[in-house]
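The following blocks contain the structures, represented as structure tokens.
Note that chain A is present in both complexes that follow, paired respectively with chain B and with chain C.
Let's turn to the complex of A and B:
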């Protein structure tokens, strides 16, 4: 195994000088001048509402739209037949997966409106457009839909049993896709040698991203071309999916994205409502706007996680891991989205053996269809699931084998001398100092001083617990981005990137990068994102923006200097090799003859210099770290008070400390949410979403939140991209989930509990304590 | 039918928003949130849930934080309404806004206007609140991005700057 090609350039190290540049976004966001999609309106716009199925599984026997159509202000009422009659297709998903028999992944097509059968509560059934939103809402009340309710299945473990209600005729037994990894025979042999086997079954529960900004779409059709204002992490992907739905070239669409009020993976790809707004705009010849109310956000925005696992870990007498055998069952929902399958079938497995040396693995994972909303990307997307399972296994093994859990982790960590390290699943880790992160977290959290704190808590009648997790993240998906740079005659440098800011301060980080390369003031730089007429790329998913997008920006900056050097040589009548670049000026070395970037641009045709650079880091990156959580339980009520969460992470080099810290904090917050508070619950019989509001689905509030201390080790730069960055958007979530759960289990150790399913609510704790 | 038509006839109401008296024409069923955003183009105040659960639409009514999605605009005649647009003094950020910028108190910015207004109401009454009071005060404002820590720190720093100014 050869090492990945080293692309990391040590001269880029100054990007990582941990500067904290105030965010350039903040002047507008703090003043209320952000431009989110709902802040836009167009003259003469009409409003669309979407009528949704109240049943989890029902045939729409008939639709009587007479009253709705004639209601005040109503412009149109459409059901799926109207769309097909106009040749509107479905939203495609990548055909990457197969079933066990080799046939392609099976699932209902993602049509814009339910095609005769509603397959989850909230499934769009009809669209109504009126002059005003209120008129459309009133008309929706007048729409008579005759539903024939059919039996539904919610739990994927029941969905795959014989006789279960079927979601799709194509997916026999409700199995949509399946993937196997590893070496079953080698694992069986290893288990035969095991001194100890730890077994665990767990559910990584269904979550709802709940970005504060509800989805909104405003579409316009003019001169044969659409403009869609929406919020998406992937403007180009959204444009291309629209082109597929309407069977037109992508250039027929311009997707424009302004500020985004949180994405977390949920604002990826195209949603049916975006396409419906486009359909309506063309059909009616006027702009059409739609905005989800919070209830629609809960019902019909793709959810996260919902994976069941059964796993067995084989260990030798010293606690060294011999093999891992596991089976995953993912709930895809009824109508999978683009990220439904890839998360459990590919992304989770990528990190499954995490930071440990696991010689062999036998991994089978299936995706099941149920009458629920689709699951898809949500912060971490597969990596929290994989890491949580591994950490729970090792913690449980330590207890069963009566080996200190820190010590058991040490015995199994991949050691620095083992890099590049190839996992049994075929992934190559380029570098890592896993034990140093572990030691860093333990020291920062005063792990060894815990006994005194536990005693002190006990005197106050509280049960104090500490929890540890070590983990690895995988970033750098879809590793190509192209960046254009335009230098104008006034010296403005405009950077066009197809990645997409959604609150993570990308504009600021990118400006920092380009000002470093071009040695010009930040005020001269403009970053353009979120407009497919100006910039295209994969977008911002999987913590890839700095890693891939940032690298492409640096490459484009260097290309600007290279091109400028040629042009300066012509202008100064010198050889390009004699030209040096410093602080925005090209100079003939050793002379006082020079020309500025702006002046040089002014001399060119069109009074500008344009360059393009494409950057493809040679392999993904592996951020990693350790987290410690301490908390206290009130045995009277079962209530958990988080005391603190300490993280110690290797995310490579850091571009902006304040931004990165905020990313880790926010990641931890969503991990804590999963561990203690959040779960999307459908009623098993009726398929109704029981957690359909913020009063039922518990997003952590300020008074539930602990102190967080973040620490970083920047001494292991990623070697496969220009910046040495690894990605920081999701690692906080990955670490917090097991760290918090382990802290609860530790606090409850007097009660002898081996496992508690998340979310570990006060009620669950109280039941354990009350016996 | 007549009742419906009647209910939708626009009313003319004088509102005092960010210190300025304005006459606004709107349908009487409209919430303060809708009137601010749709009739006055003050889009800094955000739609989050329209059910009083998230705090994104918080504004101050006579100095007290309210969820503007639950307040009928027609009830606000003659009362003082403060929104995020009124915080800055010209091009200079309010000390609370400046502290948010310095300490990372905002990420996506969607919850920020509501949190700024709620925090301002707290600091106007209690110039030096402890962390616990701050946590309590903004516990009705959901933030999905920050984990709240940088928000607490920003409010504490904003409070300090406001006290400095008051000296």
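Let's turn to the complex of A and C:
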């Protein structure tokens, strides 16, 4: 029997009640008392290093491991042939997509080690295990690999041209998959009626997540069963992928995750190094540890974005949108993972028409293979790309049609009377007050007082600009979570959740929810995550933890009271209907006969009460909002200084105000990073990663950010889940990218520039100013 | 097994150096990142225990900055406006933790084209004091750094101090840096300038640009052109593109040659304007 779809329950709306509660995990995390994978060591553990291809495309003609094998301390040297001889498979990717001719998505198999041909710089070619890390590193230098270098292609626009070097024999023309949406004929008809057509080509550049904590895996094989200590946002998914690689039931694996030093989507799914450590632990019969150095983190963790768009927007004489025609070209990298394809082919299109009424769309998106690291999830995952394109189009249309850009947005926003609103891409928005968010942001940022600030900046020799973005997010991927609750005889309430904390404050939010349902002190609550022997679920992706995981916690709390009521009725020899629950005690209404939760647990077999609850929100949610950015440009050097960023968001009900503000701030910071600073650059000829360190890849720092003003409107609760929450993890990033770019373009308006590609470095600005 | 020596006396350090093939370690802020996670393969001479090498002293005609003086020591020292450029540069070396460990002389010996300390010290006409078992000598900083990560220091030699001569007139200095972000990043352009002045006129000028050539360079034609000019907020206008002729900026992922050249000129002008505007 499938669980009934959950609807918003107004009596849940008080949970958290937007209270500001200091994060329970901060004392531990800020004082260095966290427990990360690299903090763990096991007796008798050996160390693994991964030898990676120095070439973007090369046949590994021969590997001579004699010297490495006999080096001091070396226990084993493996290449892909050794793994397949032992029956080790590849990491599967979901068979969701097709090519234009109907054949399945084509891509090289994700083997743990390159299978005869290395396909990107950093592709694992061999694994070496030794008694110590230093011995393994030394042995890596002794491994003689005879590479036969082959031509490579880095830019997806070049990869799909005839004659380009091919990544995979299965993917002719380097096209891995293709998806079409909308109605081409209707769009052609609409364009024929257009008074104006705005055209734009743009690139969402490739980004590197740069989590503070490098990836690390520690594997142990005992009594026929593996334990893998690693960092993943999806412990259960990681376990299941391991089972597929080793062709065993998932129960053969226990995946344990402690604290995570930043995920941002990059720590989803299974990485080859995790599986290699498991292979090594079984093969050698002792624990094996691997830890990436910073350079490996740059080369070989999933990167973000890298999508090219070509779009045309048709408008009527009043600036009302008639149709959108667009083509997307996503760079999957050479050995794509599931999210390489899901993000551009599904997640981006979900929000492509954003907050505007776009009657018809013709959308074709293709995924290309290139000799680069795979792209995957990175904060926003498809939604920043889609929103950025739509906002750039509407802003450009306003300039071309000489209509105020705020006014043009108003003319096209979906109005409150249109909900539930079905987009031409087939998504249904349950609710939204888009214009109220727009007005809120404009007022909070004193949009109308800008002229005086621009004048004042001009007297200081600075070019001041303001930028606006209105946007929507989609959250709630895979909308089911199961939560178990155990009440012990000492009154401890343990909550088991398959979602995964990675610094976003889930422990605090969950404790707030459960203490309010059960009306017990926070000190009595323990949250257990990150152990597939104790809790399973989809994990923490797509801003779903509070929305789906939080709803499941409240449901499990209520189930605890329901079960407790039955047990209390037996204990107090009363009818369950006469039992009321208050502040941790069950009482026969109107009497002084009562029993506490702990005492009730103590009376049960096993001295505990255990319940389970599964929640399935009825549909995704649609957080939305508006952001305004003001900044100043130094015309002589092109340097940009952010002056302020103001956000006004509808993310539904807020559980903990301080945590939500922090999520928005962090999201904005990563959006600003994309707009102004960050880009992964591969050399077009050699395929070498030129931005392979923090010296070359510019991650912004705190001193580059102004105060951010975050505002929220909680009056539009999300009706698709118990709590009325919508999700807040990614919306800051989605809004900041277009708001910042628009502010730069506005500051540069005297120079008549129609578009600048990100990141907008000082040099790009200076080139425009210098003419 | 490599040897590790941490003597307390300079003479002992020079004896260690005499044996050859020894890497000198002071703050370690360049050494450790370059050797992270790798075992030690060469002999190390750690000079951080030699007390006489640390600190700034005021001599009759010069200041002496000992070799193990850290950037934080320098920031906190009471020094005249002549040192403003060096102090500003010190505040932008890495972050505070780096400033607490890294040394001024180490920055010169590491000789990165983007070393923050070199342009201000060039603009101070600094000299480097070098000691060896055979005695000690002074060499102008301009001659000390000879290329990308190359100095004239010979085997057996140790830089013991940086000597800054006292100027003849009142002097002030200033430093500006352009990078993709403020801290912990390799500079695109750095400019340091010292102006000696009297009676509202420039009497002498020293201007150095870093990160635009393998070794930071003085702009001597510009320095000559400034002598006798009025000291005011329009001083920068005297700087011309032709004055940048000693520079040879590179093209890389951080910035193009053209941008570095233009940004260098803008920063030189701004540095001079700001020096001229101080009343």
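In the analysis below, the second predicted complex is superposed on the first by the 764 of 771 C-alpha atoms of A that agree within 3 Å, B and C clash if a C-alpha of one lies under 4 Å from a C-alpha of the other, contacts with A are read in each partner's own complex, and residues count from 1 in each chain.
Definition applied: a residue touches a chain if its C-beta (ideal position, glycine included) is under 8 Å from a C-beta of that chain, and two chains touch if they have at least 3 such contacts.
None of the values given here were measured: they were computed from a predicted structure.
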For this session: Figure out whether A:39 sits in contact with chain B (first) or chain C (second), or with both, or with neither.
Result: first
Problem set entry | First (chain B), second (chain C), both or neither touched by A:265 | neither
For this session: Please work out whether A:639 is in contact with chain B alone, chain C alone, both, or neither, and reply first, second, both or neither.
Result: second
Exercise. When the two structures are overlaid on chain A, which partner does A:690 contact: first (chain B), second (chain C), both, or neither?
Worked result: second
Exercise. Once the shared chain is lined up, is A:29 touching chain B (first), chain C (second), both, or neither of them?
Worked result: first
For this session: Considering only the touch criterion stated at the top, classify A:659 as touching first (chain B), second (chain C), both, or neither.
Result: first
Exercise. When the two structures are overlaid on chain A, which partner does A:724 contact: first (chain B), second (chain C), both, or neither?
Worked result: neither
Exercise. Which holds for A:701: it touches chain B only (first), chain C only (second), both, or neither?
Worked result: both
For this session: Would you check which partner chain A:503 touches, where first means chain B only, second means chain C only, and both and neither mean what they say?
Result: first
Exercise. Looking at chain A, which partner touches more of its residues: chain C or chain B?
Worked result: B
Seminar exercise, completed: Note: overlapping chain A surface for chain B and chain C spans 134, 293, 694-695, 701, 703
Seminar exercise, completed: chain B residues touching chain A in their complex are 27, 29, 37, 42-51, 53-54, 56, 83-85, 87-88, 93, 97, 100-104, 106-113, 116, 134-136, 138-152
Seminar exercise, completed: As the complex stands, chain A meets chain C at residues 133-134, 137, 293, 636-639, 677, 681, 690-691, 694-696, 698, 700-701, 703-704, 761-763, 766-767, 770
Exercise. Once bound in the complex, which stretches of chain A touch chain B?
Worked result: 22-23, 25-27, 29-34, 36, 38-39, 134, 209-214, 259-264, 291, 293-294, 502-505, 658-659, 661-662, 665-670, 672, 693-695, 699, 701-703, 705, 707-708
For this session: Please give the residue numbers of chain C that touch chain A in the complex, ascending.
Result: 36-39, 178, 180-186, 252-256, 259, 262-263, 266-267, 269-270
